[in-house]
Amino acid sequence: MSAFMKRDVPLLIVTVVGVTVMAEYFFAIKQLADGVKTLTEWVSIIFGFTLALGAINMVIINSRYVIRRAKERWFDSLLIVVGVVAVTIAGFIPPFTRHWTLKWLYDYIYTPPAGTLYGMLTFYMISAAYRAVKARNLESAAFTLSAFFLVMKNAPIAVSAWRGFTDIGIWISDVPAAAGWRAFYIGAAIGTVALTMRTFLWRERGAITGGE
Amino acid sequence: MLHCRHYACTDSRKMISEHSWSEQALDRNCCTIAQLLLTLSGPNDCPEKEATVLIIAGRVVQFVFLLVFSVAIVIGIWLGGRRKFALRRLPALEAIDEAVGRAAEMGRPIHYNPGWYTLDSVEAPQTVAALNILNELAHKAFKANVPIITTLIRPDVIPLVDDIYRNAATSEAKPEMYKPENIRYLSGEQFAYFGGVAKIFGVEHPSASILMGGYMAYSLLMVELGVRHECFQIAGTASWHQIPFFAALADYTLISEELFVAGAYLSQDPHLIGSIFGQDVTRYITLALGLMGIALSAVGSKLFFDFLKL
Amino acid sequence: MSLPDTIGMWIAVFGTLACWSFLYKDNRVFHAVESLFIGTAAAYQMVYALDAVRTIAIDPLVLKGQIVYVIPLVLGFLYLARVHPKFSWPSRYPIALLIGVGFGLATRTVLQVNLLRQIASAVTIISSDPMGLFSTLVTVAGTLGGVAYFLFTYQPKGGQERIFRTVTRFGRIILMVAFGAMYGNTILGRASLLIGRLQFILWDFLHLR
Amino acid sequence: MSSQDWLTRISKLDARVVFTLIFILMIIPLVSPMGLPIPISKEVQSAFNFVESLPKGSIVYFGNEYNAPAWMELGPSYVAVLKHLKTRGLRFVFLTSFYGEALTATDGMIKVRAGVSTNPKLGVEELGLVYGKDFVDLGYLPGGESALAAFAANPKVVKTDRYGNAWDSIPLCQDIKTPKDFALCVQLDPGAHLPEYLRQFQETYGLPFITITYGVTKSAYIPYIISGQLKGMMAAIDSAAQYEQLIKKPAEASAGMDAVSTSHMLAAALMIIGNVAFFVEKQRGKGKH
């Protein structure tokens, strides 16, 4: 197939769709609004297929490990494949997603590790604070001090010892930290607009066509 | 006729909140499905009067700025073809060569993750920026015979990574480096994904871990995993809620806008470098706008705020 | 409590302990639990998304004959065709659609949300008492310095260089203050989740209260 | 042992030692509470005051959006507010429109499913609430903001409650004709849906709001407090503990606050020690060269 169909048409779709979605926000034109509504609906349909592709990718790669009996690996891969297949079967038996097994899987297989690992972040945050949050230079000193005061602000025992921790903590987050975030957001905004323009003008296309 | 209660005339619009995602929620308002032409009569009495103005009230200034910024970038791209611009060094991007060099020396792979967001989300540019970096990285790595293991939390980028691998392997004349099994989707649940990455680190011992794109809570687990396995780490994100962990723990960090220019920076394409100059022009405009606002609000004028509400 | 719930709860406790074991050492039990988690999570999300495809697209197509839904379904299948290397390129079409929508959504509001409003709040004078004025000064200088930090192509000459370096360094410091504050603040939220887990194990299972 | 060894050890402390310290310091206060004082913040105090000021029999609307894994961030505040409503003799209505899970506070299984308890019973159940009279659970009305708009325009759009009882058969529902019949909206917010709620209920009907949200969202919502759109806000476990103190019914959050204190003090102490060790080592390094 020609480079036109393989490369140029997809790039053209990106630009046309992107500009349409942008225009819909600024202009009160009914056709545009309807068009974008249709597009977003299509996107949500395609999205379902992307997850299917993901599951297929997972099953293919992991069944290879199982078949090859890959060292240190095959058992975990088998569990992954079993997990995918079991839930998929449960999900395709009527009444589909309203089947109680799915709810049960969600409640007891899906939620507990997620919640636990979320909570485990505490350990990593505190140990990393010890290992890495050090005043090596002015920048990291700023990081360290501001982290320290916010920690103290959130500890009731520290605040009841000295009310000042609250005031300092609030001042830091409302004044210098807020200024820092603003600069951060402004940078992100400019970067987004620039990347969008480079993409829409087909200048930067490493991601979309693999650099073709 | 349908009356559109536009946001510009409500209290909530007057409030300025700090965080972009809540703002994005604020911005989704009913006017996107407006069936009528709206008024431009100013923010205080907008709902009822009708005039034939095409741009939705409250979005005029945004539109003008978007236009001006886009034009600045386009001019930058054009100028880039005729002039050479010098760029500030970005150590995090130069460290990519170091990462590849180390991996080649040790004979180990590099781990890459292009972030949390799907291609159709409002944070899609972060993911695309991350993939642009992966494209440059793949060329360097495959040239040095270093495999890249890309772990994914979003399956919609699988084809893009596959294309990048294939083209990099072809253009570096290393067809054996194209290995689709090095693209691994590990579920869209961040903590399950983390478990999968931990397994890969334990078995394949990557020498470097490069984390780019938008992130969620798992960012901290990822950098700590890298520390545990003594990986050389380069991390970059424009997600405000995760950048602190990268800044504190990774060897090199790309902050906010630096992530978006990374692809252009690495490619060394003069047009793209020109567009970075365009970005700086928009920054001067932003600074000028800010100074103007300060001057006006110092003399007690509300003009600046009224202007922004247009 | 029903039997499935009782069994489920024991699995949940086991899962919690298995995850904690990772803190001590990378181990097989942790990976087994995580592998099961990966597989179920991926399939769970897929099943729900495909169920949505059924209600959004297939039902209207089959039951009401809305032919237009053929387009997104075909685009979806092009994605799946990727599995075969020969049919890899057509998947660029649905991807292009996704990226177009994503970029459009991102760029249309980004200036309002991340730039104009931020400037508006940066130039608001907080109050006229000395502390308020000082705060305003820090806000304004911090925001402008931070924005200047991101300049990529500006090449200062001679005397400007020192001023420029000072301004951008100040901007960088302000960014670090923001990052540090976020780091410190995040511990609280994470700690409360850990406390929930600990209460579960200590109080409900070990009855240590 | 020379001070040199001591310093090297301190600065190269194994992460596992830190993990153990965290475990110990968080477990001790949970097993034997110390009852450290809990200072009350302005947002929580004003939320409490507002609920106190509502006349008996008022109806409170709960925008019931949340997901199970985050129970500890939202749940304790939620239960504390429910307890307060009951003791004040107020009635309440639950409705979910963003999160399909539609888990509700009175369904004690939520705590079990959130993995924080094996006891499918919540504190509120002991208060003896009567379904249909004291509270009603309208379940899940899908559609996000458009669902909110529909409900605001005509509450009867929710034809049945969660259990399939018809609207007209529920005594409490007879007192709900428009959103103006609500005295307050308590909104649970795990994902920045407050603006949508405010748009649909406050701008049109002037409904007062209290939000219960994540710790990280707190600073984003402070402006709403300043502008008076929010009567109060609870964010993360510390606000929940404060509310529990105000209603004088200490529960899980209050019990957890000692652990918050100890973990934060540990973090602060480790930061200080790490930096002192770093500086002393740096000075020594300078002395040598």
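Which chain is which? They are A, B, C and D, in the order written, and residues in each are numbered from 1.
To be clear about the criterion, contacts are C-beta pairs under 8 Å (C-beta built on N, C-alpha and C of every residue); 3 or more make two chains touch, one makes a residue touch a chain.
Quantities reported herein were computed from a predicted structural model and do not represent experimental measurements.
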Between C-D and A-B, the pair joined by more C-beta contacts: A-B
Farthest chain (mean CA position) relative to chain B: D
Distance between chain centroids, defined by C-alpha means - chain A, chain B (Å): 12
Whole-Å gap between the CA centroids of chain C and chain D: 21
Distance between chain centroids, defined by C-alpha means - chain A, chain C (Å): 4
Euclidean distance of C-alpha centroids - chain B vs chain D, Å: 32
Two or more partner chains touched - positions in chain C: 9, 12, 16, 22-23, 31, 33-35, 37-39, 41-42, 45, 79, 82, 92, 95, 98-99, 101, 103, 105-109, 111, 113-115, 118-119, 121-122, 140, 143, 147, 150, 175-176, 179-180, 182-183, 185-188, 191, 193-197
Per-residue overlap in chain B, given as positions that touch at least 2 other chains: 16, 18-20, 26, 59, 62, 66, 69, 118, 120, 125, 128, 156, 158-160, 162-163, 185-189, 191-192, 194-195, 199, 202, 240-241, 243-245, 247-248, 255-258, 261, 276, 279, 283, 286
For chain A, residues contacting two or more additional chains: 22, 24-26, 43, 47, 50-51, 53-55, 58, 76, 107-108, 110-118, 120-123, 125-126, 129, 131, 133, 143-144, 147-148, 151, 154, 173-174, 178, 181, 184-188, 190, 192-193, 196, 199, 208-209
Residue numbers on chain A that touch chain C, as the complex places them: 1, 5-6, 9-11, 13-22, 24-26, 38-56, 58, 60, 75-77, 79-88, 90-92, 96-97, 100, 102, 104-123, 125-126, 129, 133, 138-140, 142-151, 153-154, 171-190, 192-193, 196, 199-200, 208-209
Chain B residues within the chain C interface of the complex: 16, 18, 20, 23-24, 26-27, 59, 61-62, 65-66, 69, 85-88, 118-125, 127-128, 156, 158-160, 162-163, 185-189, 191-196, 198-199, 202, 240-241, 243-245, 247-248, 255-258, 261, 276-277, 279-280, 283, 286-287, 289-291, 293-294, 296-298, 304-305, 308
Chain B residues touching chain A - in the complex, by the definition given at the top: 18-20, 31-38, 54-56, 59, 62-63, 66, 69-70, 73-74, 77, 118, 120, 125, 128-129, 131-132, 134-136, 139, 152, 154-156, 158-160, 162-168, 171, 181, 183-192, 194-195, 199, 202-203, 217, 220-221, 224, 227, 238, 240, 243-245, 247-249, 255-261, 263-264, 267, 269, 271-272, 275-276, 278-279, 282-283, 286
Chain C residues within the chain A interface of the complex: 4, 7-9, 11-13, 15-16, 18-20, 22-23, 28, 31-54, 56-57, 68-69, 71-73, 75-77, 79-80, 82-83, 89, 92-101, 103-111, 113-115, 118-119, 121-122, 135, 138-143, 145-147, 149-150, 169, 171-188, 190-191, 193-197
Interface residues, chain D side, partner chain A - complex: 13, 15, 18-19, 22, 36-39, 68-71, 113-116, 219, 222, 238, 241, 257, 260-268, 270-275, 278-279
